[in-house]
Structure formats: C-alpha cells, structure tokens
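Next come two complexes built around chain A: one with chain B, the other with chain C.
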Partner chain A sequence: MKKLRFTLSEDGKISLMKYGLSLVATLAVGAVMILLQGENPAAAFVEIFRGAFGSRAAIGNTLHWAVPCMLVGSAALVAFKSGVMNLGLEGQLYLGGFVAGCAGYMVSLPPVLHPLFCLLAGGLAGMLWAMLPAFLKLLFKVDEVITTLLLNYVAIFFTELLTLLVISGAKALGTNSIMTPLIHDSAKLTPLIPGTSATTGIFVAVAVVLCVYLLYRYTLTGYELKQVGENLKFARVGGVNANKMFIIIFLVSGFIAGLCGSAETIGVNNRFISRFSSNLGWDGVMITRVASNSPLGVLVVSLIWAAFKAGALHMERTTTLNRYIINLLQALFVLFISIDYGMLYRKYLGWRARKKMVEEEARKLEN
Partner chain B sequence: MENERQDYVLETRNICKNYALLKANDHISLKVRRNTIHAIVGENGAGKSTLMGILTNVVKPDMGDIILDGEKMNFKNPMDAAHHGIGMIYQEFMLAPRFTVFENIIVGFEEKKGVFVDRKKCRERVEAICERYHFALPLDELIDELPVSVLQQIEIVKVLYRGADLIIMDEPTSTLTPQGIEGLFDAMRVLKESGKTILFITHKLGEVFRVSDEISVLRDGKLVGTYQPQEVDQQKLANLMVGREVILQAHKLPVSAGQPVLEVKDLRVRDADGIERVKDANFEIRAGEIVGIAGVAGSGQQHLVEALFGLAKPEAGSVIRYLGDEVTGKSPRAHRADRVGYVPQDRIGMGCNVAASIWENAIMGYHRATGFHPKWLIPRRQAQEFTSRVVRDFDVKVQNLENHIGSLSGGNIQKLIVGREFSQNNRLLLIEDPTRGIDVGAIEYIWEKLIRFASEGAAVLLVSHDLNEVMQLSDRILVMYDGRLRDGGGHGELTEEQIGLLMMGGEVG
Partner chain C sequence: MEYIQAMYSTITLSATFRLSAPLLLGLAGYCFSNKAGIMNIALESFMMISAFFALLGSYLFHSAFIGALFGVVAGTVLSFLYGVLVFHAGANGLITGVGFNLSGWGLTTMLLVAIFHTRGATNVGAVSFSPIDVPILRDIPYLGKIFNQQTILVYLGPLLMLIAWVVMYKTPFGVRIRAVGLNRRAAETAGVSVMKYSWIAMLLSGACMGLSGTFISLNSLAMFSENMTGGRGFMVLASAMVAGGNPLKAMLCGFIFAYCDALTLTWSGFDVYSQVISMLPYLAVLLVLFLTHLKNIKSFGRFEAS
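Up next, the complex of A and B:
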C-alpha cells in the first residue's frame, strides 16, 4: 500500500514567492517615494529599523504596539476567514475600551485579578456590541457590511455620551478630551521592561493568537468555521449549522476586538479617552489580509506592523519625512500581497512548457 | 492530389495546446470530410473541448494550423471564426430568457438598415432557413417556457442563420429524451444532405453508430485514430477511448428488499417563487433497494431531493419518514446524524470546497455523523486515516492529502465525494448524477460500488439525467414529469422508449 502523509504542498512555494515579491516591490516603490521627497531611502529605512529595534526603549515601543495589532488582527481573522465581513472592529473596540475604563476605576480588586477583570468586561462589551449586526442579519437579512460599518459611528458617539454621563458632564482638568477618570493602579497592566512602554499585555495578545491558531488547527468548530467561510453550501450539506456558526463568528470576533480596546485602556492610556483609537480596527483588516487569514501569520505581520508604527515616530524625528509615509508603505504592501500569485505562477509554468515544446519542435525540424 | 485535398472541409495540422502541467492537445492532425457527420469521442479531459475551443478560436493554440476549404486560416477572434462558417452549439444553451425565439436567433448578426435592425429582412432569412431544413419553430414565443428539444433547434437555426457550414455540436444529446434525440438525429441527417458538415462530440457510444460517417477518438490529448463505423464496435471504441478493456454493463446483484428505510407521503415542495415543483410525491425505499428517478432536467428532481435532505422546506401536510420516525423539515445536520448521505449534483458548488485540502473535503459529514475522539477535536491522525481509507477504497488518484482538492481531475473529485458518503455507514443515500461528466473508467467504478453498497443493506435514491444509468442500476424506476412521480416499473420492465414517453408526459398503454 502506498503510504500517504501530510507534507508541505506546492502552496508553500507560492506563499514564499508572494511575500518575497511583495516585500521587494513595496520597498522599491517606497524608495522612489522617499527619493522624490529628497531623502535617502536607505537612511530612512535604517531610522525606521532603529526606532523599532535600536534600543531598549525602541523594542519596548514595538512590543507595546504589537499588543493591539495582534488582538485586532485576530479579531479580523476570525471574521474574514469565515467569510463574515465584520467591518465593525473599531466600534467593538470602543465599547470594550469604555467598559474596561469603568471597571478600572469603579471596582476595587487585588492587582492580578483587576486587569483580568477589566479585560474580560471589555471583551464581553465588544461581544455584546457585535451581537447587534449578527441578529440584524439573521432576523432581517440586513447585510453585515452595512450594519457593522455604520455601527462604528454609533459606537464612537455612544461611548462619548456614556463617558459624559459617567463623569456628569465635567471635563478632566486642563484638557479638551472627553475621558473617564484614571483607573486604579491595581488595574494597570504591569510594565514588562522597566522604563519602556511594554506591558504584560503582550502575553495576553500572544495567548489570544495561539488560541485562535489552535481553534482552527485542531477543533471541530474551527474546521466548520473555515468550511463555512470557503463554501457555505458545502458546509450546510455536510451538516454544519451555518446560523450558529455565524453567531459564533460575531461573538468571538467582537470579544477579541473588545479585548483590544481594553488592553489599550488599561495598558496605555490608563483611562478611556474618547476617539483614542487611531483607526486600529482597520489595521486589523489589513493585518489579516497580509497574513492570508493564517493565525501564525497574524503573529508575524503584527510584529512587522508594530515595528513600522514604532519606527515611524523615530524616523519623523530624525529625518524630514512625515510618519504617514509608513501608512503608505503598509497600504502598498497590502496591495502587492493581494495579487493572485498562484495564477501568475501557473501562467508562468504554462509559458515555460510552451516554450520548451516549440524549441523541441524546432530541433526536430532541423534534424 | 488537389482533388483529394478539396475533399476535406477541415483539416488541423499538429495542433498543440499546453496548460501549466497538462498537454491538452498534443499534435492533433484531424481530417474532416465534407458532407459528413464526424463524431469525436473521448473521455473527459481527453482534449475534445480544447480542440473545439481552438477551432472556434475561443482558445488560442500554441502551435499548429487550421485549414478550412484548403486554405490556411488565421482567425483573429471567435467572431472571425464564425464569419468563416464555423458554428458551435454548446452543451449549455446560449439563449437569452425574456426574449423571443426570433430575437435570439438574429442577435449579433442582424441585418441592418442604417443603424436600425431590418426586422423584415431578418425574418425572411430565418423563415427561409426553417423551411429549407424543416424546423417548425414558434418564432414569436418567449424562450422561457419552451422545452429543451426546441431550444436546441433554436441553437441550430441560429448557427445556420450565422452562415455556418461546419457545425460543431458539443454533447447535444445529454439533455434530451430518447424521442428528442431521434428528432435531433433526423435534423442532423437533413443538414448533412443539404451540404453541411457536422462535428458531433459525445461520449455516449451508442449514439455514435446511429448517425456518424466517421469516428475520431481522442485520448490524453492525442488523436488515437479516425475510423469508419463498420470497422469498430462499441466495445472496441470504449477500449480505444480508455486505453484498456472496459465493461459498460452494470452487474446488478439480486437483492431482497428489507424494511422500509424512507417513506414519503403527499410530499409537496414550492420553490422560491411559490411555484409548486413537487406535487404529491408518494413512494418508499426499502433496505437494499436502489430506486431510480428518471426525468428531463428541471422536472422537480432537485426540489424533491432538497426536501428529503432538509435543504428545502416541504409544504404543510407532507410526511417524510425515516426508519419509521417522522423527519419532515429536519435540518441537514440532523439527517447526517441519522446516517443519511447526500451526493449533490453540483459537485464543485456543493459537493466539495475547492479552496480546502483533500482531507478537509473527505471528512465533511463524517466529522458530525461519526466524529473523532475526543468529540470536539479533529485529530490529524484520525482524519488522515479516514481520508486514506476513502482514497484507497475508491481508487482516488492523489499525491498528497494536504493538496487542494482543486488539483484533482473531475472524475477523481467525484470518486472522493461518492467515497466519502459511502464510507460513513450511511443507511440511506440520496445521490444525484453520480457519474455526470466523468470518464468511462470512473463510471464503471462508481456503478459497481453503488450496487455493492445497496446489496449490503443500504437504501439508495438515485436521481440521474442519464436514462441509461437509471435503467442499469435501479431495482425500481420512478419517472418525474412536471413535479409528479410516475411508475416506471421494475428493473428491465419497460423499454427505453416507453420510459422516454413517460418523461415527456405521455402514457404507456
């Protein structure tokens, strides 16, 4: 009997080509852009690298940014891998952030329990917010693209309103931001590297990514989630309860997005600040896109994303370039990643086979 | 010499076409005599479609020449090929609903008066064609309600209107009843007599001998040879196609029907538009029995099976009993848990997930019905074992279980899907067109497995558009016409023509 086993397939080759070519193309186009602004691209890239990994503080910064990137990336992955267009990560993140902020200053708990309680509360808030579009879809067949997208705006204003109610309309001294009071020290995430902004939040983030990885790799639910995303009819015929899967996807995705908001609140700002998210939700969509919906990919891409974010500020300080050039590079990378390299590869193989054949013909004719 | 060349209306020389890893056409040099019906036979994937694509310029060849009427052609686009008199009738009809027959015929090739369509002149031409070739078409009726055999005639008139001298017909009989096929063959003979040449693509060997003047066999992208009908027979042709000995006869085992597994009473199903597609269906299937449902496509078979598997909701008053328990309206998931299997007709859209690996496709259904240990996990080892079993028992040609199922051929995908459903100890199997569009070797294999599966005590509902398949495999035959089930007798009780009559709504006296 022929022995059959699992090994790496041809897809591996294509993936490798995909990331390699995209990186080269992004750097090339990015270099031209930087050149056009009269700076040396090599120097700019070196500054980005220094800002991300050049010192203890730099590494701390990168780790600090990696937390929201990994979390929101996982939240997006859970949705997009199953074909659910949850564009409401931003809103779910705000609800999570707000509830975590309240839990941080209203409740008194011992140090280790308090942050965990805040994270859990924030996650549940994000989850509840995500249930809205899920039920609208199941009961009234409203497309989740519309509902999740628009509920983002509702969430931003809603949390602002709630914050005003919580602080009875009084603004914090000396600022124009609408924010909740500072959380108790017991609720703060512990610093990981003293003197830097890295916190133990990174453990939470990595744990979440690993959970998502295990979910898809080994569990029945993960298998069904994937099949629902790739071919809904096939999954239904195979006995998958698609409606239940749909709810699970929204709940899990919303929970992780809520976690992300909580981690930002108790790990970085130490309070809920309205409009604190600099489009983190959309970073999540880009991260999972670049990672091709692979959980371990999210881990790697999030680190790259975080390094870019940390490096961008440093580059802005040391060169004349604006830090938004980084956003441009990220967007370019997403663009190049989205090319169908598998198709190009097959076309290349066809072209090679044709060329070889024509050459053989010519040789035969000569003889 | 000159005369001999003129004898051929079409000649291809060393046509080659390569796809990534596949030689679809490998030095095909075909000669087609003028005024003949030239059959082209071959298994799926033998290169028939590619060759026809090249003739109509839908596919660009890598090399080789097309010689039409002794002149080397260099088509610029498919329209150019059409203008040179090559007309193609596809398996799936290219007709626009909500338009009349007349409009469908002239579209794209209208006679113009300035910028306007000269309907009168078009009409005269269409009517002249219908008269000359004996087609009685309802020119002013809408396409929508017309039966398949008429749609096909419309396609034929369409290519004639476009001035085709060489007409390519791709599997034209696959959707027709025996009577419809007879009508088509008559039309083909009339066309031949009035000077046209027909390339008749098929894999039904019986039909080849009824109309063809010459037969070309393709295998693995190569032309095996061109034969006169009198120098070969069906068996020889089948062997040439497959490259080995094949048996086209199913070996039915005698069965003793056991307990009723599925009982259907007064089943009625409406489609999304509220039209009743299944009308008062009553039947039962016993353990060990294969019940076949024959019928023209779209007679309600699809809705019947969907209702039985819980994909569509039956009307109130319908009763479906499975092993004595009522299961009307239960979900596919519940049916899976009850050990009901389903092989859908649409194998790419419903039967598999082309984006997933072979093992992921193999365990679908099994993961719910039987499951793994522990219950909520999918351990790789167990998944691999189950997949290997399906692959081995059903002779699926795979290299690596992690590969995408899309890397397999249609026949191998079908074997995997059928194998998956057969390997789960299912008590009842709903199976639609299990062998549609797959090669003779795979058909033979699936038929044999199906018969053995039933003989081991399972109940099978076989819905097929291939009448021969239904007649070969079924212990009892039901015929579906316009949503109603009619008795088609036991195995071998009625002739093909009689069942064909039932399929058209006629009565067997």
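Up next, the complex of A and C:
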C-alpha cells in the first residue's frame, strides 16, 4: 500500500514562504501602526472581520465590493500575464462608468437587456480609451507605462467635462457635485440578497473571471498570449504575431476595466459620479500580483480584498482608526510579495556553502 | 482675446517660473537615474510622502528649513527602500512602483487624518518659505515681475539643473553614470561598479524628489491635501524620458509643462470649462511624447514588451 505523504516542491516551499513571510510582516507593521494610534490591533481586526462577515448586511457589502475587485483584477491579469504594463485601468474604468451612466438614463430598454446594454457600452468605452496608448506604442514606440499613467488624469477631467456637456448648462457646480441624472430602474442591477448592497453584478464578475480562465486554459489565443508574456522571442519564432497580441491584450484589458466602471455605475451609485473610483484601478494591479497572475487566484484574492474593503469601512465607524490604514497595509503586502524570495533563498544557500567551504579549508590548513 | 493676452502676461510667466520648481528640483536628481537606465514610477510617491513630511517637520519645529530637511530625508529613505527592493531583492520595478504609489496615498491620507484630523490640512501652524525680494531683479521692468518675489526653492530649481548638467557632462562621475546606462557589461569591464553608481543615482533622485515635495507643501502657503501632487511625479518621469536624461533638455520640458500648469491658473477665471484647462498639462506631456517619438514610425512592426 502506498503511503500518502504531504510534500512540497521547491517552488511550493518558496511560495508558501513568500505568502507566509509577507503576511507576518504586514500584520506586524499593521499592529505597530494601530498601537501607535492608541488602539488594540486585535480589536481592530475583529471589527474588520465583523464588517466583512458579521451579519447579512456585512456579507452583502463584501459581495458588493467583490464585483469591482474581480473585474478590475481580471483586467489587470490579462495585461500583466503577457507582460504588458497597462497602468491605465483607472482611466478606462472612468470612461466605462460614464458611458454606462449615460446609457442608463438616455436609453429605454426592457429590464434584463438594459443592464447588459449598459455593461457592453461601458466595456466598449473602456476599450476605446485603451486603444490610444496601444496605438501610440505600436506606431511610435511611446512607452505605454507613461502614456497610460498620464491618461488616467486626462480621463478624470475628460469624463467630468463630458458629464457637464451632457447635463448641459449646469456649469461651475463645483467639482464635488458633477454627476449624470439617475439611471432608469430598468438599468439597475437587481439586488441579490434583499436588504443588502449585493447585486447580480457578482454573476457578471464571476463569469468574466471564468471566461479569462477558460481563455488561458483551453484556447490557442490564450496560449499565445501567455507565450508573449513568458518569452517574447520564443513566441515570435513560433509564429506568434506579437503586434496583434499586443492590441488584443490592450483591448481585452480595457474592455474588462470598462465593465468594472459600468458595474460600479449601474450596480452601486445608480449614476455616474465624477471621481467615483478611489484608486479601484490600482487595486486590480495589486490583486493580480497577489494572485500571481492566475485567474482562479484572482477570484480568491478579490474576495479577500473585498472583505477588507467592507471591513475597513466598518472599522472606521466603530474605532478611531481610519480606513486608509487598510489601503496602506494592502500596498505593503504587495511590496512584500514582490520580493523574489527564491533568489534570496538561493543566495543564502550559496553563501552558506561558501562559508562551509572556507571553514573546511581552514581546518585542513590547521591540520 | 483675453486668452492670448493671458498667455504672455507676467502673471502667467511668473507662475510658470514658480511651478517649474517641483519639476526641475526632481529632475535634477532623476536625470541621473534616467541616464543610468532606471525607470522609476515611484517618483510620485517620493514626492507625495516627502511633501507630507516636510509639512510635518515645519509644523513640529516651526521652521521651513527643518521642513525641507524632513522632506529630503523622507525622499532619501524612500529611495533607499525602493533601491533595496529593486536592486537586491529582485522585485519588479513597476510593481514596486505601483506599491509605493499606493502606499504613498494610503500613508499620507492616514497620517493626515490621524494627526491633523482632516483630509486637507491648511492653517495648521506650519511655517512655509517666504518670497525673497532680490534687490537688482526688482528694478528690471518686465523680468522683475516674473523672476522677483519667489521663494528660495524656485531659484534652486534651475540652479540645481545647471549643476546637474555640469556634473553629467563635465565630470568623471557623469561619464560613469552614462556608461552604466549605455552598456552595463562594458561599464563593469572598464572597472565601474554598476551597483555603486545605480545606488548613487537612486539616492540622488530620492533626495531631489524630497526637495520637490517640499515645494508642493511649503511654497508660500503651507498645506497638504489628499493626492496633492496630482501626477507631477509622473511629469518628472516623462520629462526625463523625453530629454533622454539630458538636464538642459529636461529643463526645457519642465518649463513647457510648467507653462501649461500656469495657464491652468490664469485661464481658470475665464468663461471656459475648468476641466478643459486642467487637462492641459497632461495633454501637453502626451503631445510632447508623441512628437518626440514621431520618427519611430519608420521602424513600425518591431514590438518589444517592456
């Protein structure tokens, strides 16, 4: 009879170490910061947990935050898995949100079709916005990192401007109150759990993540996309059209980011509000990084991320701490994760071996 | 035609000179990083965090200069942490940059709420730099209005850039930095320690971003608000990229972007959507990037992932 044994490969050990060490380090930093602000870290954590899972409303909140996290996470995954630095998710998300907001109140459609139409329109808007840096890169070799970064700022002002033009005349309202009219009831995503903020948007989000998973798992395009990221030269020799792949990556990534903006607009705010996303686009980059670019990982990490978002708001209400500490800790966790522990481990092994050798030499000399 | 008039009014040009400071101060250090082949999107967070600490230093010690010291130290410490992660721990520079930028936003907003109990701190009792009245400049008719009555940080910007140019092109140190960027292996063979010069370039950029952050929070009005830098760190990055790390060219870019920034101020009183005006500096950067890359259309078809 074969004996069942739980063993880990070298890679497995390293990634276990990576997540374990990062978690411990982040928690330690977080505990110190909470102590410095005169609160009890354990109590704060309990409040976060309560805010994320403690009641029906809390679970609803977590599910509601999971929608944008999953969508923007998969948008980032599509780009980063292929080594394309789409840092413009935030901007693509704003465009998507704006167009969905317009489609929500300008068009009249039956209930189920209307949200789908809004989502699609928003996705296409995000896609169009993503075309800009993609073409600048392909035609003129302008680094997509800097263009996408700057286009984020342009997108904020551009959607504000469009909103003002759409609601016409009402100018100089002050930047805080720039928003489109409320969308029709037919355009709203239907609530999932009555009395909570969870909507059917979660199905859309999970479906998108699964589509991305299937794309990479079973299709030729997915394989080629992965190749471009892993080894561009090899992919090119194998006959992959890198230019085409680059465009596809940007369009798909922009489309999903646009979907995320639309889902926020028709599922949460019920209108487009300027500057509604407080760095949601960047959460995507962090989520895909923590998930090591695996689609199913994005599903899990998004839920954790959403739990922290819901919990942080609750913690802010019940303690003197503010929710930005959670943003900070999430970013710190990503920084700890991005350390190459494998390399450090190998360096350590090399150093130990060298030390051993030196000691043996010394012993030989002594004898 | 008030728009045209505003374009060359002394108010706009004076604001251009003033607003060029955060870009030039940062560029004076980052040009070396750029020449040494380091792409660093964390500049934004360097600027934001050091802006906050400059305000904090000035608030605690009631001195703008101690504030500046806090800013510079904060910038240097940040660049040190970034360097450890990227040079020695094998972290991806862009992901680390994203992590830094988000930490910067989280840290400054958290501390802002925790210390000053607000998301936009003004009138907290911090001392800012005051304008200097330069005796000779005051009497020159047109130029006096533009260049006089600025703070020391504003004068420091172009000065540091000129020093950076001299160091970059006239000293052995500059040659070594450029060699590291051109060809690492060749530089190593010639006996230049790539690691040492990368580190110097990195710390220099951190210290200079600290000064530029100090300008953000302590120039003429001592204040800090959430996301106050508004992408100026990315503009520093873009200027250095367009200029290829040459301080004089970078200074020109800095002035162009500062000019658009200044127009944002002077045009905002007119009957036009403020959003159009606010977009200008970012669009200007994109336009300059586009124009300087126009020549690349010839080599269309060879895509390289970054």
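Following the convention adopted for this analysis, the second predicted complex is superposed on the first by the 326 of 367 C-alpha atoms of A that agree within 3 Å, B and C clash if a C-alpha of one lies under 4 Å from a C-alpha of the other, contacts with A are read in each partner's own complex, and residues count from 1 in each chain.
The rule is short, and it goes like this: a residue touches a chain if its C-beta (ideal position, glycine included) is under 8 Å from a C-beta of that chain, and two chains touch if they have at least 3 such contacts.
Owing to the predicted nature of the structure, the values given are computational and were not obtained by experimental measurement.
Visitor: After superposition on the shared chain, which partner residues are touched by A:M286: those of chain B (first), chain C (second), both, or neither?
Guide: second
Visitor: A:D340 in the overlay: touching chain B, chain C, both, or neither? Say first, second, both or neither.
Guide: Only chain C; A:D340 stays clear of chain B.
Visitor: Looking at A:E361, would you say it contacts chain B, chain C, both, or neither? Reply first, second, both or neither.
Guide: After superposing on A, A:E361 lies in contact with chain B but is clear of chain C.
Visitor: Using the superposition on chain A described above, determine whether A:L109 touches chain B (first), chain C (second), both, or neither.
Guide: Neither chain B nor chain C is touched by A:L109.
Visitor: Looking at A:L128 after the superposition, I want to know if it touches chain B, chain C, both of them or none. Which is it: first, second, both, neither?
Guide: neither
Visitor: Looking at chain A, does chain B or chain C touch a larger number of its residues?
Guide: Counted on chain A, the partner with more touching residues turns out to be C.
Visitor: Touch test for A:G350: chain B only (first), chain C only (second), both, or neither?
Guide: First partner only.
Visitor: Please indicate which partner A:Q227 is in contact with in the superposed arrangement: first for chain B, second for chain C, both, or neither.
Guide: first
Visitor: Please indicate which partner A:V240 is in contact with in the superposed arrangement: first for chain B, second for chain C, both, or neither.
Guide: First partner only.
Visitor: Is A:L313 contacted by the first partner chain B, the second partner chain C, both or neither?
Guide: neither
Visitor: What part of chain B is in contact with chain A in the complex they form?
Guide: Per the touch definition, chain B meets chain A at residues 16, 18-21, 62-63, 309, 311, 331-333, 335-337, 342, 344, 349-357, 359-360, 363-365, 367-369, 371-372, 375-380, 384, 387-388, 391-392, 398, 400-404.
Visitor: Contact residues on chain A for chain B in the complex?
Guide: Contacts found on chain A: 1, 4-11, 218-224, 226-227, 230-231, 233-241, 346-347, 349-350, 353-354, 357-358, 361.
Visitor: Which of the residues in chain A come into contact with chain C in the complex?
Guide: My answer: residues 33, 37, 82-85, 87, 136-147, 149-154, 157-158, 160-161, 164, 171-172, 228-229, 232, 242-243, 246, 279, 282, 285-286, 289, 322, 324-332, 334-335, 338-340, 343-344.
Visitor: Applying the document's contact rule, which stretches of chain C touch chain A when the two form their complex?
Guide: Residue positions touching the partner: 39, 41, 85, 89-92, 94-96, 98-103, 105-107, 109-110, 113-114, 230-231, 234, 237-238, 241, 273-276, 278-279, 282-283, 285-286, 289-290, 293-294, 296-297, 299-301, 303-306.
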